[in-house]
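Each of the two complexes below includes subunit A, the first together with subunit B, the second together with subunit C.
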Partner chain A sequence: MKFDTPATTNPIDQLKVIGKPLDRIDGRFKTTGTARYSYERHDVVPNPAYGHVLGAAIAKGRIKSFDLAAAKSAPGVLAIVTADNAGALDKGKNNTAKLLGGPEIEHYHQAIAVVVAESFEQARAAAQLIRVDYQDDGGSFDLRAGMADAKPAKVLGGPADSAVGDFATAFAAAPVQLEQMYSTPDESHAMMEPHATTAVWDGDRLTLWTSNQMIAWGVGEVAKTLKMPKENVRLVSEYIGGGFGSKLFVRTDAILAALGARAAGRPVKLTLQRALVFNNTTHRPATVQRIRIGADKDGKITAIGHESWSGDLPGGKPDGAVSQTRQLYAGANRMTATRLAVLDLPEGNAMRAPGEASGMMALEIAVDEIAEKLAMDPIEFRILNDTQVVPDNAKEASKESQTVGSASKSELPFSQRQLVQCFQTGRDRFGWAKRNPKPGEVRDGRWLVGLGVAAAFRNNQLTKSAARVRLEQDGRIVVETDMTDIGTGSYTIIAQTAAEMMGVPIDKVVVLLGDSAFPVSAGSGGQWGGNNSTAGVYAACIKLREMIAQKLGVNSAEAAFTDGEVRTGARGVALADAARDGALSAEDGIEYGDLDKKYQQSTFGAHFVEVGVDAATAEIRVRRMLAVCAAGRILNPKTARSQVIGAMTMGVGAALMEELVVDKRRGFFVNHDLAGYEVPVHGDIPHQEVVFLDETDPMSSPMKAKGIAELGICGVAAAVANAVYNATGVRVRDYPVTLDKLIDKLPAVG
Partner chain B sequence: MPTFGDLKLSRRDMLMGTAATLALGNAPNTASAQDAGVSGGAVALAAGTPSLAKVSFTVNGAAHDLNLDTRTTLLDALREHLHLTGSKKGCDQGQCGACTVIVEGRRIASCLSLAVMHQGDAITTIEGLGTPDNMHPMQAAFVKHDGYQCGYCTPGQICSAVAMLDEIKAGMPSHVTADLEATPQLTNAELRERMSGNICRCGAYSNIAEAITEVAGSPA
Partner chain C sequence: MKPFSFERPNTPAEAAAAAARVDGAKFVAGGTNLLDLMKLQIETPTHLIDVNRLGLDKIEASSDGGLRIGALVRNSDLAADQRVRRDYAVLSRALLAGANGQLRNQSTTAGNLLQRTRCPYFYDTNQPCNKRLPGSGCSALHGFSRQLGIVGTSDACIATHPSDMAVAMRLLDATVQTVNGAGAERRIAIADFHRLPGDTPQIETTLQRGELITAVTLPKPVGGKHIYRKVRDRASFAFALISVAAIVQRDGTGRVALGGVAHKPWRVEAAEAAMPRGAKAVAEQLLAEAMPTEQNAYKRPLVERTLGAVLAEAKG
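Coming up: the complex of A and B.
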């Protein structure tokens, strides 16, 4: 189905099932320990051997020699695979470094060997017997040191640099100016299930039960890496213990399980050891950002500039921290610039809301700062500088120039933009009027109390997605698509979509996901999964409805699918009757025209945070949180709300604790476990409130929905940082905001 | 370019020694440090015949007699030998809580406990609390309040929550209990402190707290 004109009224608009806060259909499995994750497939792989990965102990250099003798002769060992005996391997398009290193080492903890043994304990013990003699070549590990030599790098969806009007002149002439440097640290996804795979060969055909967000990409990447036909690779990812971008791409676990299984002649399963996850896999790269905002005395932005530096391995990509600054606030004169330094740290890549997450951490502090300089309420400042068209359409400009965008004024409208309404709703709900604009003035016992606010912004992305829908003889509807559920609620919203379209209760719908044998979906990433995958199911259901109508001899245009019946006028026939001679199966998908070129599709929100800062110790506690979101139709308010509170929680982590600490001599992340890399725990998170504004977006898809899961993290950290400033009068611009950065600047304890 | 000559091997040796064999493959090693690390016990253990030991315990009311490699954790005994994969391995280092099970009424990190240490113990896992068609009230409350997302920490959260409520009932104080003489109450602060050993990276905490509160307040 081609979606190239705005959606009109369709069966989804009945909202009998869609839009309801239903419990997840997979909930009873997840809560009883019966949902099967990739390492737990005793049901299909009864006797696997166990793989254990050895990571490189240097950041850059070469393996001079391996001594595998002791490991090979250790009890239970079936095979050891290194680059020496793995056979010829290619590299995935989405992998910057090789997944099996050696002899060249590209980053610390790059996998260099997998030991396969009869038991987990034997594999682990044997891996410890491998002796490696390295040639350590040193490397570049310090982003700030690399900034001077950093090169322009294209940001996803736009050129490296963009310019509108004359930024330099307008900024110099602005009566009120802000110029500040900000920084965000390297962050880790730290999802609860480490990367895990069970691999089985049947001749030259490979099946991988693997924890992966993007099944079709994964099939292609496995095939490319192992130099085998795509047709011979099957990926299954029934349940995924979190991703946040870490499982967008095929990683070491999948490739080494496959290689280990081939070498051992046995099914092999392996989990990347937690202590390897942080340096072996990808992370959100650190940024240094420079923001300049010029405003007139009334608070209107006249000039806005955002520059960002990040680093990655040779051939890698930058963090897109400037992305939102091209679209979020008005202002006639603008510039952005993105620079990439070559670093020999582990691979930087996508983590929840790549670009906007780190960009908003800086931009939304800068906005708070200039509002204060203007003696304006930060919400009023944002409302005053709202725009209903994209002020810097760098995507368009990039056609004319590879690096610098044109100065032409954009007239690209947003399909929906309720940013102002988000702030207005939140302001009342949160009690913003009680905020004292003068920082450091509000006390509650030992606590200095402050309120902070920030905008949330993240684009909505359209990508084609297919599904197969079947009417069974017993009247059940079975949906098959390679879409994944990484905790987002895909199982449930897909079931709701099919139930709505076919007119059956949700318990008559069976949803099967995450198998490359199923039609190719959008997959999970970039907050594109919910809207696109359900739109694909919508398309397949339309086709199935036509087949059913034809079978029953009714006009599909006049047929209503409701209450388990197909009704035309007063006549109703049981849906199952259409399958009396056998199941009916339809396959289709959604494909998009150019509505996303005619309208910028984005999601908006406002984050409100109250913190308490201990007046004596500077301990920071988040006391209240509210997010107001405008993100198209909310398909299931219960699961959508969960996405937002989860993102708010990760935003608190980014604000207050998350930081991969770089050892700049040896080139690795020091705190590579869940005790050293701190993420929020129960004690850090208060009750969280989420409000969804009423919105449908007919430009996005027949579902009229947009993404929500990444919107929720964008801006949270800045709202926390701004609240800490309001509480204490101490402005911290280098994340995370930890007590050591506050304590010597706090007011004297009175 | 920085060199590593200023790192003292003796310090690293000490780190290797204390980190024991589990961390060996992962520690920041030069070749020499790795050599230093695999001296002694690890070699003997790996090169020799694995030592097996018999252990008997009950899991969810069923008796099991196992003959296990002595290095097998309780978590791996459950997951790999008894195929009870509800208990999750999130870190294998006692840092995340996903492996939480209830042993003799107390919640423990089963990844930090060797199976052979549990001779005669009664162990309850997530599978023993309830089933998809007959859920424990805590499991049902997690579903109702959407107290999970990816589901990987969920069994640990639920086992922890069930045992935690028993700890409150038994009058056990926590770090945030102001009065050690008084009976602890399930306040917000108590609940959040006592559950803080169970990480949920999806960030379902607000919902988990509501699920637990509901169960604690119900007559059941």
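Coming up: the complex of A and C.
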């Protein structure tokens, strides 16, 4: 189905099942331990051997020699695979470093061997017997030191440099100016389930039960890496214990499980040990950002500039921290610049809201700062600088535009933009009026109390997505698509979509996901999964409705699918009747025209945070949070809320504690376990409220929905940092905001 | 994890004898620290002696009006004991500030005293660490040291003892009771139990080979207001950046000990003498010889300010 004109009224608008806060249909499996995760597929692979990965002990250099003798003769060992005996391997196009390193080592804990043994313990013990002689070449590990040599780098969806009008002149002329540097640290996805795979070979055909967000990409990457035809690779990912982007791409676990299984002649299951997750896999790269904002005396932005530096391995990508600055606030003169330094740290890549998450951490502090300089309420300032068209729509920065001042030629309106309404709703709901704009004034016992606010912004992306829908003889509807559920609720919203479309209760719908044997979906990433995958199911259901109507001899345009019946006028026939001669199956997908070129589709929100800062110790504790979101139709307010509160929690982590600490001498992330890499615990998250504004976006899909799961994290950390400032009068611009950065600046204890 | 043999004796004497007999033997109690370290091959015992069936799991009143805590009493049970909550509240509070519920249910009194440092380099066998591999160097001294020690440190090691419970034990003048392989019993004042790193950071206590902890005893209660204040980045389930344990009497005299600053719970007599003069004076005495790194210099003002809050709370 081609979606190229705005959606009109369709069966989804009935909202009998869609839009209801239904429990997730897979919840019972998860709470009873019967959800089948990739490492636990004993149902299909009863007797696997175990793989254990050995990570490199240096950051950059070469393996001079391996001594495998002791490991080979250790009890239970079936095979050891290194680059020496793995056979020729290619590299996935989404991998920067090789998934099996050696002799060249590109980063710390890069996999250099996999040991396969009868038991997990035996594999681990044998891996610890491998002796490796390295040549350590040192490397570049310090982003700030690398900034001077950093090169322009294109960001996903944008050029390395963008410019509208004449930023330099306008900024210099602005009566009120803000110029500041900010930094965000490297962060780990730290999802609960580490990367895990069970691999089985059948001749030259490979099946991987693997924890992966993007099944079709994964098939291609496995085939490319192992130099085998795509047709011979099957990927299955029924349940995923969190991904946050770290499972968008094929990683070490999948490739080494496959190689280990081939070498051992046995099915192999393999999970990355927790200590390897931090340095072996990808992470959100650290950034240093410079923001300059010029405003006139009334608070209108006249110039806005955002530059960002990040680092990655040779051939890697930058963090897109500047992207939202091209779209969020008005202002005639603007520039952004993205620079990439070469660092020999582990590979940087996508993590929940890549780009906006780190960019908003800086931008939304900067906005708080300039509002204060203007003596304006930060919400008023944002409302004043709202825009209903994209202020920087240029594809590339033209040389002239930097000097002459030609605004973007064609206007690109937002399909929907309720940023102002988000702030207005939140302001009332949160009691913003009670905030004392003068920092450091409010005290509640031992706590210095402050309120902070920030905008949330993240684009909505359209990607084609297909599904197969079947009417069974017993009247059940079975949906098959390679869409994944990474804990987000895909199973449930897909079931709701099919139930709505086919007029059956949700318990008559069976959803099967995450198998490359199923039609290719959008997958889970970039907050595009919800809208696109359900739109694909919608398309398949439309087709199935036509088949059913035809079978029953009714006109599909006049037929209503409701209460398990197909009704035309007063006549109703049981849906199952259409399948009396056999199940009816329809396959279709959604494909998009250019509505996302004619309209900028984005999601918006406002985050409100109250913090307490201990007046003596400077410990920071969040007291309450509110997010108001405008993100198209909310397909299921319960699962959507879960996504937003989870994202808010992650934002608190980014604000207050998450940091992969770089050892700049040896080139690795030192705190590579969950005791050292702290993420929020229940005690850190006392009270969260989420409000969804009523919105449908006919430009996005027949579902009229947009993404929500990444919007929820964007801006949170800045709202926390702004609240800390309001509480204490201390402005921290280097995340995470920890007590050591405040302690010297607080008033004496008395 | 290296292969090891395992036994489960029934009396303390048997356990101690087994430990003396087998080279490389270790006791295992709750296993919450030891097993993690074995998986990483930081600890590589050849033989494990399970001490969970030695009958050392009781809390009893002692004849001198104090309390005798069996070595195997779980952290949760100790924290919940009525006598502890009433007479040694600082101990209960310190215990409850540590780890999480599941871990406290499993962790034991002796195991807690003997838990090893949380220095991240100690946990990474690819990195030099004098405590793990004597003579290999200290990665933390010029590396990531934000959490590590500021006082009583050496060039060889700046690690901290991570226990909360031990800080309260030190404040309460506890005594560690042991028995060795020959059946000889010994009483070690908690002040003498943990060592400073010096040139031998791998030797953390004054226990001798095969010596089994049977109990920790507390002298009779000293009254006063009991406070345990643990400072950390997140609200729960995190090791202390610093902690302050204090008992303050009505007249402003009392005791104070610090956690998270040294290789052992840190208590200084001269500091206690300064208590009536306020937090600054106390902190000066406690940290007179402090040599923080650039990354953990914040601990000095943090100690002073936290002490200030604790002393204010004691008055209030």
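Points to keep in mind about this one:
We adopt the following convention: the second predicted complex is superposed on the first by the 733 of 750 C-alpha atoms of A that agree within 3 Å, B and C clash if a C-alpha of one lies under 4 Å from a C-alpha of the other, contacts with A are read in each partner's own complex, and residues count from 1 in each chain.
Keep in mind that, in the parts below, a contact is a pair of C-beta atoms (placed from the backbone, for glycine too) under 8 Å apart; a residue touches a chain by one contact, two chains touch by 3 or more.
This structure is a prediction, so every number in the text was calculated from the model and none was measured.
When the shared chain is aligned, subunit B and subunit C each come close enough to touch A:Ala125. Number of subunit A residues touched is higher for B, counting subunit B against subunit C. In the superposition on chain A, A:Leu693 makes contact with neither subunit B nor subunit C.
By the touch criterion defined above, A:Val510 reaches neither subunit B nor subunit C. When both complexes are overlaid on chain A, the residue A:His682 reaches subunit B and subunit C alike.
In the superposition on chain A, A:Asp136 contacts subunit B only, with no contact to subunit C. Look at A:Thr738: by the touch rule set out above, it reaches subunit C but stays clear of subunit B.
Using the contact criterion defined above for the overlaid structures, shared-chain residue A:His672 touches subunit B and also reaches subunit C. Of the two partner chains placed by the overlay, only subunit C lies in contact with A:Leu656; subunit B stays clear of it.
In the overlay built on the shared chain, the residue A:Arg446 is in contact with subunit C alone; subunit B does not reach it. Shared contact residues of subunit A, touching subunit B in one structure and subunit C in the other: 57-58, 75, 121, 124-125, 128, 275, 663, 665-666, 672-673, 675, 680-683. Subunit A makes touch with subunit C in their complex at residues 57-58, 75, 121, 124-125, 128, 275, 446, 614-619, 621, 656-657, 661, 663, 665-666, 670-673, 675-676, 678, 680-684, 736, 738-740, 743-744, 746, 749-750.
Subunit C makes touch with subunit A in their complex at residues 1-3, 39-41, 118, 120-121, 123-124, 126-127, 139, 142-144, 146, 229, 231-239, 241, 279, 298, 301-302, 305-306, 308-309, 312. Against subunit B, the residues of subunit A that register as touching in their complex are 23-24, 26-37, 39-40, 42, 52-55, 57-58, 70, 73-76, 108-109, 119-122, 124-129, 131-134, 136, 138-139, 189-194, 239-244, 271, 273-276, 486-489, 638-639, 641-643, 645-650, 663-666, 668, 672-675, 679-683, 685-688. Put simply, subunit B touches subunit A in their complex at residues 1-4, 6-7, 21-31, 33-35, 37-38, 42-43, 45-50, 69, 71-72, 76, 79-80, 83-93, 95-96, 98, 125-127, 129-133, 135, 139-140, 142-144, 146, 148-155, 158, 188, 191-193, 195-209.
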